[in-house]
Every structure is written in structure tokens, then in C-alpha cells.
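Next come two complexes built around chain A: one with chain B, the other with chain C.
Here is the complex of A and B:
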């Protein structure tokens, strides 16, 4: 079998074309709606639009007002322009939290994706009690975060907790998982991956389910190895789901308050303080509403930029 | 049409951006403070005094408090309603409700909440309540010094109803096992700590993990115990005074000797309670009712004596929790009447053993349900007279104390100290800068 044939088969497979299929994609069929139907759609959509404006628009505008004023939760105060933003951007605490948020997000997104991908692929094979296994794997995602974080606290918090005890019995010392700044950061990130991988697994499983298995047969007949099938077929075919899940997980990680707050409270000595925890503390513990909301604004802008970049990747993967 | 093109059509750029913006705006929505008022009907509730209370103890406490509140029957047919407000984001809950005129007429709340809302002109002064208490004789029943911190230039901002005191507790059997005497001063605390360490226990039990303020309280207590404090007598920030530096150097010495648990920086209050229950905690600052809290009523957990600082000072800290009245009320007279009534009924809460705090009335400290516990008696006799508020070295409470209590600056400071990450002066300097940045100018 020639390499040309193999590549041809893989290329067809990447596009999701079954052997023998024409691969032709129907052209865009624009169904023109009648003017009456358009009006009907408009009126049907109107309640949702009004609700969205009320639920999202009003708080956004109110937040913008608070970010540019020096008041508190009860009184808006005086207009100070960009002073709150300047205060935040010149604060070392902000940049430390931004740095932790970045690492937390990178590890959270890619860690949970890798684990989720591995398990999704494993679940695709025929394993005994696969259904039960799937349900068990979903548990970290299903269990309320307050329960998970409490359970993890029991597992690692004190020198006599289960995991430090295991380390000690193995002669590896007694690691203080939540008390040492570096270990606490790692623990929080591992916890995030543990909580999030079922979501990734489900996203990838759904994407894999839509892949015609005959493309693998075709690729196999063309002589593609398992690794080639994985990199040349599986990954491209789940690329859209991957990018979408990355976008969502990025948003989940950046906005994740309970995972961090319940496990470490942002400590020790701010080692695990993310931007959303910092925003919360600034508003609700220091009562500095303007700077706190300014942090939230900066986070939102960053998230929109990241999401747009990833969205472009989705479009690119679709075009290919 | 294949799945790809269909998905692309339904997944337009505009739709995507809309979804993204909605999802990304979560932090804004969370932080903007635009939370909805949790109560309706506010001030104009037809002679019904809305009383908001916090979960101060087990649910049984709130049931009992509800029963008391709803038992109110004032002149002109005034009634009272009862609402529990959770601690989570409580200040936002109160703020948004007050801003929308749906807040309570009377409430308990954060220790310095009354002063925060006084700044906004939302608090009704309690001078007439005090007059009524004087007329009824209940005024003389207050323990010494508990009322004074609430008297501002304009009047009484609130009325205290319980004292959340911090005292040293110890486990008797561990001291016996370590064959060491109870500390009476700082040097003997250091010696006891070293001896306790040898038997696998900690001599300065504390915690600074998620939601745990005991390390914060321990740091301020040690400063106050040495005649220092966060503020000077005029209420100005004064963290760098020699007494504070000395106190923190001593705590750092405890840390360096392993007398403070190295993992304490991450301990929740549950972790701390477990240490007390499991015999890992030999000595440390805690609240009232520790045996009941940690589930060991064997008599082995006891209140220790106050200890002397190196200059002979002796003090601890107390949070005088209070009941406040708001200007938004169906009737100020009804609010005052309700407050007097409620204070008169407080005894029930201690009779039913629902409280983890000291009463503010001498008569309640004398009821058998309270006085039969020797720990309670010792706290009232030995600790209450030397207790100072977070305002120490000054004595007047004010809104700035809210920024200190549980704020980021104090958390970071106490975590820095109990991990031994900085010397005392550097840690105090950072603490001072952090506080200055959030205090009202």
C-alpha cells in the first residue's frame, strides 16, 4: 500500500467521510422567511431579549458605575474615572493573583482535557461494567463542590490526614499539602482537574460518538498505525469539541470561586488567591467596592479576548 | 446537509460572542454588588417590626429566637417577624435590602455593622432604649464595660446582647503527661509549649485556613495582652508600636520552636476542633463552650488562667455582638419597644443552653444553667474584666474595625506570622500598609 493511498484515506477520514461516500457537502440553502414569520420570530424572541437585558444588562451597567466610583455597597460615591483600575493594576496582589489564575487555568484546562480524553478513549473500548464505570467517573462533577472540598480537606489538611500519613508511612516525610504555598497551589490545581475531568470526558465522548467507526477501519486498511489514527483522525475530528470545551473550561477556571475558597481560602499567605477570590475579598471583606469590581471587569475583558481567539480556532478547524 | 455545516450555521459568531459575554460576565455579576433584596415589605409593613437575626449557633437557637421574636406584642398592636440571614455575604444582603428600603427594622449582625450603617445614616440611635432599660432596672444588670463601646457622640449606636470572648483553654491530661505547670506568663507559655511538644501536642493551637479567624484573633490578643493593639488611644492606626513588635516576636519564637502546628495556616475551624478533640491541642485561644463545640465533655478541657505579658499587662479580646435599630421602620417606638422586650427575654437562650457566648447581663450569668459550668464561671470572673475590643488600645468601636475584622490585611498578616515567613517588623509594616489602603479616609 502506497503512502499516497494512506494519506488519501486519512484525509478522507479527517473530513468524516465514510469509505465510498462522495464527500460532497450540500451548498448553503438559505430558507427565506416570509415577512410575517420574521415578525413572529421577533415577538417570540422579545421576552427573552428583555429578560437578558434586565438580568445581564442592568448588573453590567451598575458594575461599570461602581468600578468608576469610590463608594461602597450602599452608596455609589463620587466619580473617580479610571482610578480604581489604576489602583488595581499597580497592586502587587493583583499581579500575584493574575499569575496564579493563569497557572490554575492552564493546568485546569489541559489537565482535565488530557484526563478526560484518556478516559473517553478508554470508555470507547469494551470494558466490563462500562456503564457503572462511567457513572463512577462522573461523580466528581456531580457531587456538590462543598462536599468534594470538605472531603479533600479531610484527606490532606493535617499531618494525620490519610494522604500525609501514607507519605509518612512510605518514608517520604509528612507533606503539608495545604500549608506549604507551593504544595497548596498544586493541590488546588489537582483538585480542579479532579473536579473537571468528567465534564471534558463527556464532551469528548459525545464528539467521539459522532465519528463513524468505519473511518478507522478505512485508515487501518490503509496501514495507519494506532498513533497515526489518534493524531490524524481522532484529534482532528474532535477538534471543534475540544476548542469549545477549552473555551468553557477557561471560563470555568478563571471564574472558579468555590474550589479555591473552600479548600484554601486563598492561602497560605495568598499563594492560592485567584483573581475572582481577590475580587470577592476586596468587595466583601475589605468593602472596597470600586477596586473589586474593577478586578472583575479586567477578568471579563480577558475572558472575552481568550474566547474570541479560541473561537477563531474553531472556525479554522471547521474550514479545514 | 452534513452535521458540520449545520453546526456552523447554528453556531454563528454573534451567537457565540453573546454566549461568551454572558458566561464571562459571571465575575462581574458576582462582584457588582447588585444583589437582590432578600426581603420585601420593609418599613411599611403595617406595624410589624422586621427582626433579622444571624445563625449564631445551632438551628435550635434560631427556632428559640424566632419564638421569642414572634411572641412580641407591643402597644398599638405592634408585632414582630423573624428572618434568618446567612453569614455568607451578609453585609451585601443588608446593604442591598437597606438601599431598596426592604431591610429590617431591628437586627443582629456583624460586630461592627452598626457603625458601618451609622456612617450611611441608616441607624436609629438607641438612647431611648437605654432610658427604658434604666427605668426598668435592667440597665444596672449589664456586666461592667459592655455598653460603653457603643456610645458615640450622637448616641448609642446599638445595644450589646452577647459577648464572643476569646480565652485560653487547655487539656488537663496533656499537661499532666508533659509534667508541666499551666502558663502564667509568656516565658512559662514557652516552656509549657516545649514540654507539650515532647508529648506530641501543640502549646499554641490556632488556625488560619478557609473561614477560620482564630489565628487573626490570636495575633491581636497577643498584642493586646502586651498592652499594645492595632490602634492608639485616639483611634489612629498604630501597628508599629514596640509592644506589638515584642508580641509578634514572641509568637515567632513559639513558631520557630514548633509550638505552633506548622499546618495550622491551612486549618479550618473544624480542623482545629478535631485537634482539640483528638488530644493534639494542649493549649490555645478559643471561644466559650469549647467542650460542647468539640464534643468532649469529659471535664478534661478547661479554661486556663489569663497570662501576663512581660510588662505585667493582662488582657484578651472580646466581640460585643449587638442588636441595632434602623431608621427604616414602621414605627421607631415599636422598634424600641421590641428591642427592650427582646433583651428582657434573652435569658431563655442561655436557659436552653443554646449559646456559645457569654451573656451581657449579670442576672443571666447567675442562672444555674450557666453558673453550673465552672468554665463559664471562670470566664466571667477572670477573663471578662480584662477583655478589650478590637478597638484597643482605644475603647470606642467604629466602622474602621470592620475593615480589620476578617479583612485581607489581617488574614495575610496572621498567616505570615504563624508560618514564620517574615520578621515581626516587616510583617507589621505590611499589615499597616494593607490596612491603610482600605480604611476610610
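Here is the complex of A and C:
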């Protein structure tokens, strides 16, 4: 299902007939089919629409109501207008969480991209048992986050855990990976990169697989260095897929709850509290529904903008 | 980067008179480099997999109160006999399998319409699905909690399944649509001329040829439902309704964590996705959701 076959499929679909579209089936037959297609399409789409309204549409509207009212989980109170948003936007905790989310996202996106790119390039070459390594390297992404965070906890949480002990034996002191605010932030980000690089690796591998290798042979005949080949052939050829994977990973990072919550719970002293963790805590631990939902709403706005940009980009490049 | 250059020295047309000679030089250099790259990837993979190896090793190491020596299945036995692990496993299996089946059943027809329909309404719906998949689930969780509380769906596996289906269905629909795009319409044309209805051609022609697409969508839904923690922590209250992620986490509420039991349960939890991936990996090799989004 490479993008090339998909696109040729799309192109064929555009050229050929689609039910309800223009095509080569003659006159009467076509309009009959077209009316029938419209009816069938309606029924085929109905379950999906119902679910979208129930699980996404309704909650979004209700969230808008909650964000503009006081009250708690059990009872929506009085209309307070933008007061919850004002509370949120003037609280230092919100800005601290926003800042952490930003760094977490930047490191998560580019860290996993760089590691994924390096490994995809390495795995593209002929290596004994290369296929096995490819599957093994997907494991961090496949293993449930609850499992991997448990393992990471065991490795770093206390001064007697494996990795702090290792540092101690090397005479480098005993780093408190989850107790020191800045070290905890770094640990969470490294954990996120560990979880996410396989996704990037898969995306880049898929893009590289469609690149014609004779291009490189021609380039090396013309005297292009390996670095030049990398920057002038490889990078442009995977640019589209890279762009899409960056934006997708941005969405994944901003929305990420378990990676952070399971490793640090947002601590120490809120050092690793992201916006999602803050929203969760505000609603379910402080029982301040309005402000909590307001935080989620602000995130929603940002993500709608990001995803509309991504959608336009995908549409544009698939028409080209 | 030598890598890229020597990727497939034997492929491609001859580029000139000295192509044969050059190719030989290339492949010799490639041979030498192969083992260096093998060593590099071996070390990297080793480091990357430390957390997973630790989990497996601890799961089979005798616990603090054990008399066993060497590697043992004792922890696994204990976790099933002394905790609700079997119930959690059953809950996880029920929720996940229902999610997979219903997600595919909803996404496949919708994906077909997205792929074949050519109207403003259809492309508008496609955009809507796309935007919805990127929204933070925490926004919907609070209103749904209130709605479901009124319907008795909190602390209930059915409630959990409905939310999982709702959240997988956006991306699943896109994945199915991307797959259907690759199935030529001419196949369906032939069946229409034979008097087949649109629905008939969807089920008999398109769906029958879509096993890889269906599997890839099913794997995606499976991973999402099996691994979810956020929805579970909000909606599940009582021990016997817990799914595995909540079960594993519940071990941490005690003062001293019983690591060998935690790891035994962790191994039980990671086995299904690892098996699914090891056997069905090729259906997901394009990067799953990324691939399907990139394809459109």
C-alpha cells in the first residue's frame, strides 16, 4: 500500500467511473446506478456518522458548555462566560505546563525523527538478519505503554535502581532520574523518543522503499559525495512523508497522557506536568471541571489548526 | 551513508562501459561494510531492548519470598492465583476483540464511501473525521463520563468499548479508504454490468479483495484498545472491571512494589501485541496510520 500505488488507484478512480460520478456506463443505466449508489452510500455511512456525533460531536458541544460554566462533574453550574478561560490563562501552572508540552513535543518529534531516520537508513542497507532487526526495533512502539513505563520505572526510579547504580559504580554520582525536576523532564523526553522512534522508522522506511536506487548510482558517477547525495537526493525524496510524520507526531506528543503520567505522574513539583496531565488533574483530582475543560478546549483549538493545515497539505500533494 | 549507495548494487540498468567493474568494487566495499553495520545494529538493538529484556527476565526470576532457584514460572502462577489477573485478562480480551470487530464493521463501509463518493458532503465528512482524530481525548472524556454515568455505562466494559470504537473509527475509516483507493473501479464496473448492486459489489468484489487493508485496520484498533490507559483510568472504578493496564498499575498502590509479580503480569500483557506484530508485521509495514494518511 505504498503511496504510489494508492495514488495511481486514485488517479484511475478519477478517470474511470465511480458510482454517482461521471463515467462510461451509458445513459439510463448510469442514472439508475447513481441513484442507487447515493442511497447505498447513505446507509453505509450512517453507523459512522452516528458514532462520530455520539463520541466526538456531542462531547465537544458539552465541553464548550462546561468550559463556560462553573460547577463540578455532577452538576453544571451557572454561566460564567470566559471566566474559566481567564482563570486558566492567568495561572502560572497553565503556562508552565504549556512550556513543558512545547519542549516535550519538540524533543519528541525531532528526537524520534533523527533516531528513526538513522536506523531506517542503516536498515536499508544489506545487513545479515536485517529483517529480524527491523521487527525487533519496532518493539518499543508495540509493547503497551503500561508495560514499558513499568520497566523504565524499575530501571531508573530509586537510587538503587539499575541505571543509577551503574552511574555510581562508574564514579559519576547517583543521579535521581525521577526526583530531580530537570532530570525528570529529560527522562520523560528520552522515554518518549524511545517509544516513538519506531513509528518514524516505519514511515521513513516506507518512503525510502519507493526511491529508485539508480538515482544514487547516477549521482555517484557525477561525483556527488555521500553527504551531497543524502542532502540532495534522500532528504528531498522523503520530504513529503517527513512533513506528514512531523505533524502527526506533534499531535501524538501534545495529546500524550500515559507516557508522562505513568512515569512521573507529572512530578516532581509539577516539572513534567503537560497540558493533558494538568487537564486530567484539574478535573479528576481538584474537581474543577470548568477550568479543566477550558484547558482541554485550548488544546483542541490548537490541534484543529494544526490538523487542518496538515489536511490541506495532504490534499494538495495528492492532487499534484 | 555508504549504506544507501550500496543498497542494491545488483539492481538497475548498466550505466556505462565501466558499470560492471564499478559494481564489483561497490559490492566488495559493501561486503566489508556489512559486518560493521551488523555490529552497529546489534549493539543499538541491544541497548534499545534493555527495558523489555529486563521485564521478561524479572518475570521469570524467583520473587523475594520464593525458595525457587534459577528461572521459574512461579511468578506467573502466583499472579494468576493470588490476584484478579485472569479477570483482567478476560476483560481486556472482551473489550479489545469487540472494539476490533465493531471498528472494522463501521470503518469499512464508511471508508468505501470516502473512497468512491465524489461529492462535497463526502469530502466534508472526510475532513471532519481527520480533524476529530487529532483532538485530545481528554476533551471528550469529561462530557462522556457524565453522559455514561447517567446510562450506567461507567465502570462498565460496554461503555469502554463504545469509546474505543469511537476513537479508533476516525483513523480506521481513513485507513480503509486508502486501501479501497488501490482497488481498481473496473472490477466493480464489471459486476454492475452483470447486474450487481452497489452494496453487492462492495461486499462481493471490494471487501473480498481487501484482506490486507482489513487486517491493517484491525491491528490498529487492537493496539489502541489493548494499550489504552487514559480512558480506562477515568471510566473504570472497581477491581473486577479493570482491564490489564489498570491491573498492572494497581500493583503500584502498595507500599513496596512486588516487582516480580508486576513483571509477570506485564509479560502477559505484552504478549498479544508482540505475537500479532510478529505474525502480521507485513500488513502494517507502511507505518499504519501514517501510511494511510500519507496515501491520501
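FYI, the second predicted complex is superposed on the first by the 256 of 320 C-alpha atoms of A that agree within 3 Å, B and C clash if a C-alpha of one lies under 4 Å from a C-alpha of the other, contacts with A are read in each partner's own complex, and residues count from 1 in each chain.
Rule of thumb we're sticking to: a residue touches a chain if its C-beta (ideal position, glycine included) is under 8 Å from a C-beta of that chain, and two chains touch if they have at least 3 such contacts.
Remember, predicted model here, so these are calculated numbers, not experimental data.
In the superposition on chain A, A:166 makes contact with neither chain B nor chain C. After superposition on the shared chain, chain A has more residues touched by C, the comparison being chain B against chain C.
In the superposed model, A:309 lies in contact with neither chain B nor chain C. In the superposition on chain A, A:63 makes contact with both chain B and chain C.
Legend: residue contacts after superposition of the two complexes on their common chain; A:230 is shown touching chain C, with no touch to chain B.
Of the two partner chains, chain C is the only one touched by A:123; chain B is not. Of the two partner chains, neither chain B nor chain C is touched by A:86. Contact with chain B, but none with chain C, is seen for A:269 once the two complexes are overlaid on the shared chain.
When the shared chain is aligned, chain C comes close enough to touch A:217, but chain B does not.
Looking at the shared chain after the overlay, A:241 reaches chain C, while chain B stays out of its contact range.
In the superposition on chain A, chain A positions 16, 25, 52, 56, 58-60, 62-63, 66, 73-74, 240, 248, 251, 254-255, 257, 261-262, 276, 279-280, 283-284, 289, 292-293, 296-297, 299-300, 303-304, 307-308, 311, 314, 318 are in contact with chain B in one complex as well as with chain C in the other. Partner chain B is touched in their complex by these residues of chain A: 16, 25-26, 28-29, 52, 56, 58-60, 62-63, 66, 72-75, 93, 153, 157-160, 176, 178-179, 184, 210, 240, 247-248, 251, 254-255, 257, 261-265, 267-270, 275-276, 279-289, 292-293, 295-297, 299-300, 303-304, 307-308, 311, 314-315, 318.
Chain B meets chain A in the complex at residues 1-5, 7-9, 11, 13, 16-17, 20-34, 89, 91-92, 95-96, 98-99, 116-117, 120, 122, 208-212, 261-268, 270-271, 274-275, 278, 280, 402-403, 406-409, 411-412, 415-416, 419, 421, 438.
On the side of chain A, the complex with chain C involves touching residues 1-3, 5-7, 9-10, 12-13, 16-21, 23-25, 33, 36-37, 40-41, 43-45, 47-49, 51-52, 54-56, 58-60, 62-63, 66, 73-74, 119, 121-130, 133, 135-140, 142-148, 150-152, 154-155, 162, 194, 199, 202-203, 205-207, 212-214, 216-218, 220-221, 226-227, 229-230, 234, 240-241, 244-245, 248, 251, 254-255, 257-258, 261-262, 276, 279-280, 283-284, 289, 292-293, 296-297, 299-300, 303-304, 306-308, 310-311, 314, 318.
Those residues of chain C that touch chain A in the shared complex are 1-8, 11-13, 15-16, 30, 33-35, 37-38, 40-42, 44-45, 48-52, 54-55, 58, 105-107, 109-110, 112-113, 115-119, 122, 125, 127-147, 162-163, 165-167, 169-170, 173, 178-179, 181-186, 188-189, 192-193, 197-199, 202, 212-213, 216, 223, 226-227, 229-230, 234, 244-245, 248-249, 259, 262-263, 266, 269-270, 273-274, 277-278, 281, 285-296.
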